[in-house]
Amino acid sequence: MYTVCVRDHMMIAHSFSGAVFGPAQQLHGATYVVDVEFRRPELDENGIVVDIGLAATALHEVLAALNYRNLDAHTEFSGQNTTTEFLARAIFERLAQAIREGRLGPSAAAITTLRVTLHESHVAWAAFEGGISAQ
Amino acid sequence: MYTVCVRDHMMIAHSFSGAVFGPAQQLHGATYVVDVEFRRPELDENGIVVDIGLAATALHEVLAALNYRNLDAHTEFSGQNTTTEFLARAIFERLAQAIREGRLGPSAAAITTLRVTLHESHVAWAAFEGGISAQ
Amino acid sequence: MYTVCVRDHMMIAHSFSGAVFGPAQQLHGATYVVDVEFRRPELDENGIVVDIGLAATALHEVLAALNYRNLDAHTEFSGQNTTTEFLARAIFERLAQAIREGRLGPSAAAITTLRVTLHESHVAWAAFEGGISAQ
Amino acid sequence: MYTVCVRDHMMIAHSFSGAVFGPAQQLHGATYVVDVEFRRPELDENGIVVDIGLAATALHEVLAALNYRNLDAHTEFSGQNTTTEFLARAIFERLAQAIREGRLGPSAAAITTLRVTLHESHVAWAAFEGGISAQ
Amino acid sequence: MYTVCVRDHMMIAHSFSGAVFGPAQQLHGATYVVDVEFRRPELDENGIVVDIGLAATALHEVLAALNYRNLDAHTEFSGQNTTTEFLARAIFERLAQAIREGRLGPSAAAITTLRVTLHESHVAWAAFEGGISAQ
Amino acid sequence: MYTVCVRDHMMIAHSFSGAVFGPAQQLHGATYVVDVEFRRPELDENGIVVDIGLAATALHEVLAALNYRNLDAHTEFSGQNTTTEFLARAIFERLAQAIREGRLGPSAAAITTLRVTLHESHVAWAAFEGGISAQ
């Protein structure tokens, strides 16, 4: 299995609901350094997993819709805790959709799985991994 | 599949038996930067994989029992080479036990696998990964 | 010259005023991984620059007063952009005060300079460095 | 499952064919920081996954055959784009062969899978992972 | 003293002349992860060292003139070994010129020193640091 | 000012004397990832700060004399706490001596300062920096 990974980041504000979150129930924020891994069993005719330029652009666009925002005011996430693991899934879904729509090029149709990792500090990160056809 | 990872470290002395270890047969030591990944297929009702505060505390307690010690004098490891990969398994077993005992909270019962990685330098690391019910 | 550095982090929300900040004028947030370097020309009688336990505790306390907060609502910073470089100076001042008050132990009186670095992402950081008697 | 990883690097020149590569069609170069993960389900009688000295030597030898070279002039890669993912596979095959030939010691025969990761910058990497008997 | 640092990278081919370089006399290449530190004694009225957007753009433009190229064919470097330390100085000069030309904004005129660091692998880097008025 | 840095590591056991060290008074150990920075105001005729091959070899030899050892049994350090900052100075002295003896080549005579940094974990490091003629 081949993997290619690209990295970008976003800086957001949010708060959490639930005693389990302790002081993180207050409005605070995070830098998320985001790694996206694209996987497929064979390379395409150019010898690549994905057009890394298109991949980086797609990731940047997905993050731009969240970057420099207060996620508590983001209607799509209404009523949900935008935890690191939740956001990893949310970014996964947007990138899977971009692949299905052909925005990473026709060769990207052979990508079988994605893994999205959000590094929130030097001591914690979270990830979501799934098949590309997952909805 | 969702993953959450927390990081801590310990600083220990030990020596190894067997010609394969060369100069590491002498008493020496290591800093192990320890990453523990918790995995489960769905998030709990708070939108999390694990209570990250409880997870960090459990890891810190497991490492505290080894930290600042000479593992050659640790009776539990008598007759065994406390290699990086061996220690990854030992820490895995202690954390799996903590989960089974409910010390990471009731929601942690849904965690299916753990991966423990010990970074021993900028050029080497080892890991053990297994199902949570493994003994 | 000897240096000892300790690392911790904080996760805050804030917004900036001024066209130069572009989208960062919106409420957003950041994880700051904070490195504090303590410097002195000679070691003390124990062979150390600073009691690293006291140093880590002092840093943690300084960060705890800001961590998990919206800095826009922090009265001490009223009317100021809490940029990364500004916060580096703010943390520097609190730690310099802690040293002058003896909270890092009597030997820490020989520390001559501090450097505080805040890493805000994998591609940007800021720092403030100054003499310990600076007000 | 146990994993041990060793790291080394190489510095090469190359160019790519195909419009998808944009400016990378020009002769340029890369530093590849190479991580090789060795995996097996049980440790050997010494408590290790692999003789880490032999593993590091085998990796260094594999990289030495490519290091400080223009891969466009490497006949073995004639007609192929030596992308990061392609090179991950090429290094995988050479290390799998080294294991099958016994160059990592007899105990290494129990290694079941290898993963080779090439870090090409702070924002991109690629990997190939496969079973050790794969040709 | 305040510092702000931004990071980018470039991927180039080159060769060196001189027995001291050993196998690096052959055509090979490197990824340089480039950190640029901007320093000044006081913040401007916005609370910043430099407009980080303009700084990142200026760095990207400087690197774009070298990225994906064979430096042996770069006439400006004719007759010189484009070592990591030499390139650090070359990038320093281009950024100092950008500041003097006002391309980082009027406030950047107060920047007193620059430091440019090129990371060439996980085990080696080089830097050049100088005053901004240096030619 | 130009800087070139090389990295290596060592793994040692030791213990400390003095209540300030708490549990580190017990026999324990550390991995030290060691960075050595060589500085000079002008490059030599080859365009380099130092022959990086000789620099890496000299560092490796200095570390080899300490690596895989219990520093408590090292007579040269008798009666001293081998703290991270103390060891940074000890390694500095050995490398300064190597330069003065010409072991880094004749061009290395122009090196004016050295900085030795020992990373002991992901959250702590220490350094010593001084002029090359310092005894």
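Here the chain labels run A, B, C, D, E and F in written order, and each chain numbers its own residues starting at 1.
Operating definition for what follows: contacts are C-beta pairs under 8 Å (C-beta built on N, C-alpha and C of every residue); 3 or more make two chains touch, one makes a residue touch a chain.
What you are looking at is a predicted structure, and each value in this text was computed from that prediction instead of being measured.
Engineer: Which pair, B-D or A-C, has more C-beta contacts?
Structural biologist: Here the pair linked by more C-beta pairs in contact is A-C.
Engineer: With centres defined as the mean of C-alpha atoms, identify the chain lying farthest from chain B.
Structural biologist: Here the answer is chain E, farthest from chain B.
Engineer: Is the contact between chain C and chain F built from the same residue numbers on each copy (over half shared) or from different ones (under half shared)?
Structural biologist: different
Engineer: Could you tell me which of C-F, A-C or B-F has an interface matching E-F, in the sense that over half of the contact pairs are shared by residue number?
Structural biologist: That would be C-F, since it shares over half of the contact pairs of E-F.
Engineer: Please work out the Cα centroid separation of chain D and chain E, and write it as a whole number of Å.
Structural biologist: Whole-Å distance between the two chain centres: 30.
Engineer: Between chain A and chain B, what's the gap in Å when you average each chain's C-alpha atoms?
Structural biologist: 27
Engineer: Mark out which residues of chain E touch at least two other chains, giving numbers and ranges.
Structural biologist: 7, 122-123
Engineer: For the complex, give me every residue of chain F touching chain E.
Structural biologist: Its residues touching chain E are 1-8, 43, 46-49, 51-53, 56, 105.
Engineer: For chain D, which residues count as touching chain E in their complex?
Structural biologist: Result: residues 7, 9, 11-14, 23-24, 26-33, 67-70, 120-123 of chain D touch chain E.
Engineer: Which stretch or stretches of chain A touch chain B in the complex?
Structural biologist: Contacts found on chain A: 16, 18, 20-22, 80-86, 88-89, 117, 122-130.
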